[in-house]
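Chain lettering (A, B and C) follows the sequence in which the chains are written, and residue indices restart at 1 in each chain.
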Amino acid sequence: MATAREALPGIAEEALATREPLTPTQLAWRRFRRHKMAMFGLFLLAALIVYVVGGAFVFPEKFANYVDTGIKLQAPSQAHPFGTDAVGRDILARTMYGGQISLLIGLAAVSVALVVGVAIGALSGYYGGWIDGVLMRFTEAMLNIPQLFLLIVAAKYLGDKIHNFRAFGREFSGSVIVIIVIIGFDSWMYLARIVRSQFLSLKEQEFITAARCTGTSNLAIMFYHILPNSVAPIIVNATLGVASAILTEAYISFLGLGVHQPTATWGNMLEDANRYLETAPWLWFFPGLMILLTVLAINFVGDGLRDALDPRTMVE
Amino acid sequence: MPTILEVKNLQTRFRTYDGLVYAVNGISYELNEGETLGVVGESGCGKSVSMLSIMGLIPQPPGIIAGGQALYRDSDLLKKSEEELRHIRGKEIAMVFQDPMTSLNPVLTIGFQIGETLQLHMAMNADQARQRTVELLEMVGISQPDRALDNYPHQFSGGMRQRAMIAMAIACMPQILIADEPTTALDVTIQAQIVELVKRLRDEIGMAIIWITHDLGIIAGLAQRVIVMYAGFIVEHASVDEVYDNPRHPYTISLLGALPRVDMSREERLVSIPGMPPNLIGLPKGCPFAPRCRFVVDRCRQENPPLISIAPNHEIACWVNVQTGDLQ
Amino acid sequence: MGRYIVRRLLQAIPLLFIISVILFVLSVKMGDPLATFGGRQVIKSEDRKRLTRQLGLDKPLYVQYVVWLVGNDWMTMDVNGDGKPDVDENGQLVYGTRKGVLRGDLGTSFVTKQPVTQMIAERLPNTLLLMLTSEVVILIFALVIGLASALRQYSIFDHTVTALSFIGYSMPIPLLALGLIYIFAVYFKRWGLPYFPTGGMFDPQVGASWQQTAWHLVLPVTAISLISIAGYSRYVRGSMLEVIQQDYIRTARAKGLAERRVVFVHALKNAALPLVTVVGLDLPFLLAGAVVTETIFAWPGMGRLFYDHTTRSDFPVLMGIIMIISVAVVIFQILTDLTYTYLDPRIRYD
């Protein structure tokens, strides 16, 4: 094919041919490290995690949920660095606790999507035939249905079906589970397609034929042989999927249909913002900023991962 | 015959993450009018890079033309501005590249791609260019040229595409045609056709040709002189007869030995050259071929031999000066 | 080419079928009309049974699907449950009243009692206006910025644009939209500058007009476009950079062509082609953004309609909108596919 990426017409590859080979992981990490933006993203992400988790040690949850209408809608001050919201709760503390939930939802939703997506993609790519046909048609159909609309309807319908529960000594709204599940079930399609194409190309390789000859079961082949080799694009996609899930949750909660009280998320902190747009911009600015920073960090990291794990990008 | 191109001590390097790559290391040669010069060597030996350097087609950065001259009609190409070079490219010096599928723009018709050169360099208008393009396509042996004009590259076969590329290159009747492995990507039978085509055109137009290849077999029927390159150096420079009958540099000998010949007896085995192509980062101490050379002596590892004339029209860069009798 | 079109259209049919089945199952499960049909009153068990028969909910699921699809005005009804077809006061057989989705009957709103199709039709043009304007803006700016960035690779301009692009497409829409409103509407007003309106399609005191609409379009379109422009300009940049490295660009330069020509004639056409596909297929995401944007800017479009009726659990409207958009997405994909096929000579002449 095309001799693209040739600022050095084939020379560099020849020149580098005689060096010590690195393991794929080492090579990937090395390339990742070169990406200044990706490293910055990694630090930013680490900082955010420290912020939301560490916050729990600074402010008890009661403080974050403490309603005092007497001090409502106060601008940022020394006592309340991010101001107070419509019922007098401290926004700084709420961004910390809200962040925990937002991040949790992002990770959990992607996990759900991973399970479903990998399963469907693997079956589709490995067995081919009518299984592939049916599954892919179904995947395509789901892709054509507009995501946010469907999620809103699902959230509305399932919203109150799961009760609040207790975990880690705190109370959570059942809607958290609902949101995780529905976002997960509406984002597996992209992963499925990627996994499928990986399986399609890898199953023809010789090492798979060899495995079959030794009598390895299909399931074992799929999970121990093919899947580990397809990890790279799955990782990239899943990483970016977390950002997407966080944004989706924010949109749904912003519209009032996502996570309910008593649980705070960055998204539902934005709920009141519309009403107090002019008078209290700190209501939407800080949670919005948190989301922006998180998504930005994840995008940087995802970009770096994509470049680091892509076997085709050799020279910059 | 007057000299049309004189390259003196050309040096090209590339900056990479892993260090400075020494791609072309002081090569010098001459090309006379109407002459065909073969440039032979493995992938990565610097043959393409040296030509692209002359044409000013090496992006700088990361490339660096570290020294030397390329005198075209006594005027140094390496010192010319981009503007001046553009007047020469395509018009006086033209290039044909290796893979016609990727070297032709897939979304523009062949007629368009050939025509634009004519309109640019020969000041033709669209109609004249179209007419001339048809003539050119016919000259290179493309059937139904008036229809082929409006076709896209992917609609041609590999051989046809290369013919179209050649048509594009000779459109303005250049003085020098640089052909960078034009037949490597083609079928053997098509290869022969293309070589015949170029020979015919050469005779008709009278242009000088630099033919780059890693295939010594093609050079035999095409070139008058040959330079053999290794690791950015010229290791042997002689007339084509001398190179074939009397190769003196161990690398050339190995190359010829590695070539399957019709007159080989069945018992003779193909000799492949042991070892790997050299790492071009950093200039080597000593002869770059030393690690793989059958005839290596201590001096080879200490000093890099310059080109020494061992006979009229025959130079080699070797301390050993292998005689044919030394071969078993 | 013609055969290709037909083939694509035929491929779409099973897809639409599956989509319809999925949406049908969802609307049956989620939209329990009996819960809200009777309004605030408790439904008597008698009436409940009547309603069930009237709405055809007593029939098996596949029959319900067929009815949903093609209506029941060709079927006789048996609402009173006596096992015999009903007759009206004139002794005529009573048929159903639904025409089915295929004939444009998307049901009736629980809340407004209007036909859903009509409600959507009223709002659709507004959303289309917003979307199409945004798409055009996105295409233009993404091309220009991406191209400029690619040609000045690694320059300060390029680095700045890249950084801004990352921030741009990481932005949550509410932050961007509210921020825009805050700056361009609220602050501009305070500073006495001409300010942008923030709600609706026109100022009720002035009345609807082209200028009003255009003026009101600015902020919402900016909110939607900015994020996509950020993303696509990077894509164009990447595409352009890859194209510039190709052999045929080297050939073009070797022919002595001016750099301008090399870039705008040889490179651009190759780089812009994939953009067509990408932008075309991005429509679902754009529409998703529409819900949030239309809500914030009080734009009377489908997204806003959707939101308003969600809070009221008006499932016929909700499912109707989803259905329409799904179909639109499928159609749009086909259109994009065909456009790309037409533009890329490698596929057109095969």
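The rule is short, and it goes like this: contacts are C-beta pairs under 8 Å (C-beta built on N, C-alpha and C of every residue); 3 or more make two chains touch, one makes a residue touch a chain.
Keep in mind it's a predicted model, so treat the numbers as computed, not measured.
J.: Report back the single chain whose CA centre is most distant from the CA centre of chain A.
T.: Following the centroid criterion, the farthest chain would be B.
J.: As a test of whether you follow the contact definition, which chain pair has the most C-beta contact pairs?
T.: The largest set of C-beta contacts joins the chains A-C.
J.: Starting from the mean Cα coordinates of chain A and chain C, work out the distance between those two points in Å.
T.: Computed from C-alpha means, the inter-chain centre distance equals 24 Å.
J.: Compute the distance, rounded to whole Å, between the mean C-alpha positions of chain B and chain C.
T.: 56
J.: State, to the nearest whole Å, the distance from the C-alpha centre of chain A to the C-alpha centre of chain B.
T.: 52
J.: Show the residues in chain C shared as contacts by 2 or more other chains, in ascending order.
T.: 246-247
J.: At which residue positions does chain A touch at least two other chains?
T.: 2-3, 7
J.: Which chain B residues touch at least two other chains?
T.: Within chain B, residues 99, 102 contact more than one other chain.
J.: Over in the complex, which chain C residues touch chain B? Could you list them?
T.: Contact set of chain C toward chain B: 246-248, 250-259, 261, 265-266, 269-270, 273, 344-346, 349.
J.: Residue numbers of chain C touching chain A in their complex, please.
T.: Of all residues in chain C, those touching chain A are 14-15, 18-19, 22-23, 26, 29-30, 166-167, 169-175, 178-179, 181-182, 186, 242, 245-247, 284-285, 287-289, 291-292, 295-296, 306-307, 310-311, 313, 315, 318-319, 321-322, 325-326, 329-330, 333.
J.: Could you list, by residue number, the parts of chain B that touch chain C in their complex?
T.: 55, 57, 82, 85-91, 94-95, 97, 99, 102-109, 116-117, 120-121, 151-152, 154-155, 165, 168
J.: Would you tell me which residues of chain A are touching chain C in their complex?
T.: That would be residues 2-7, 37, 137-138, 140-150, 152-154, 156-157, 243, 247, 250-251, 254-257, 270, 273-274, 277-278, 281, 284-285, 288-289, 291-292, 295-296, 298-300, 303 of chain A.
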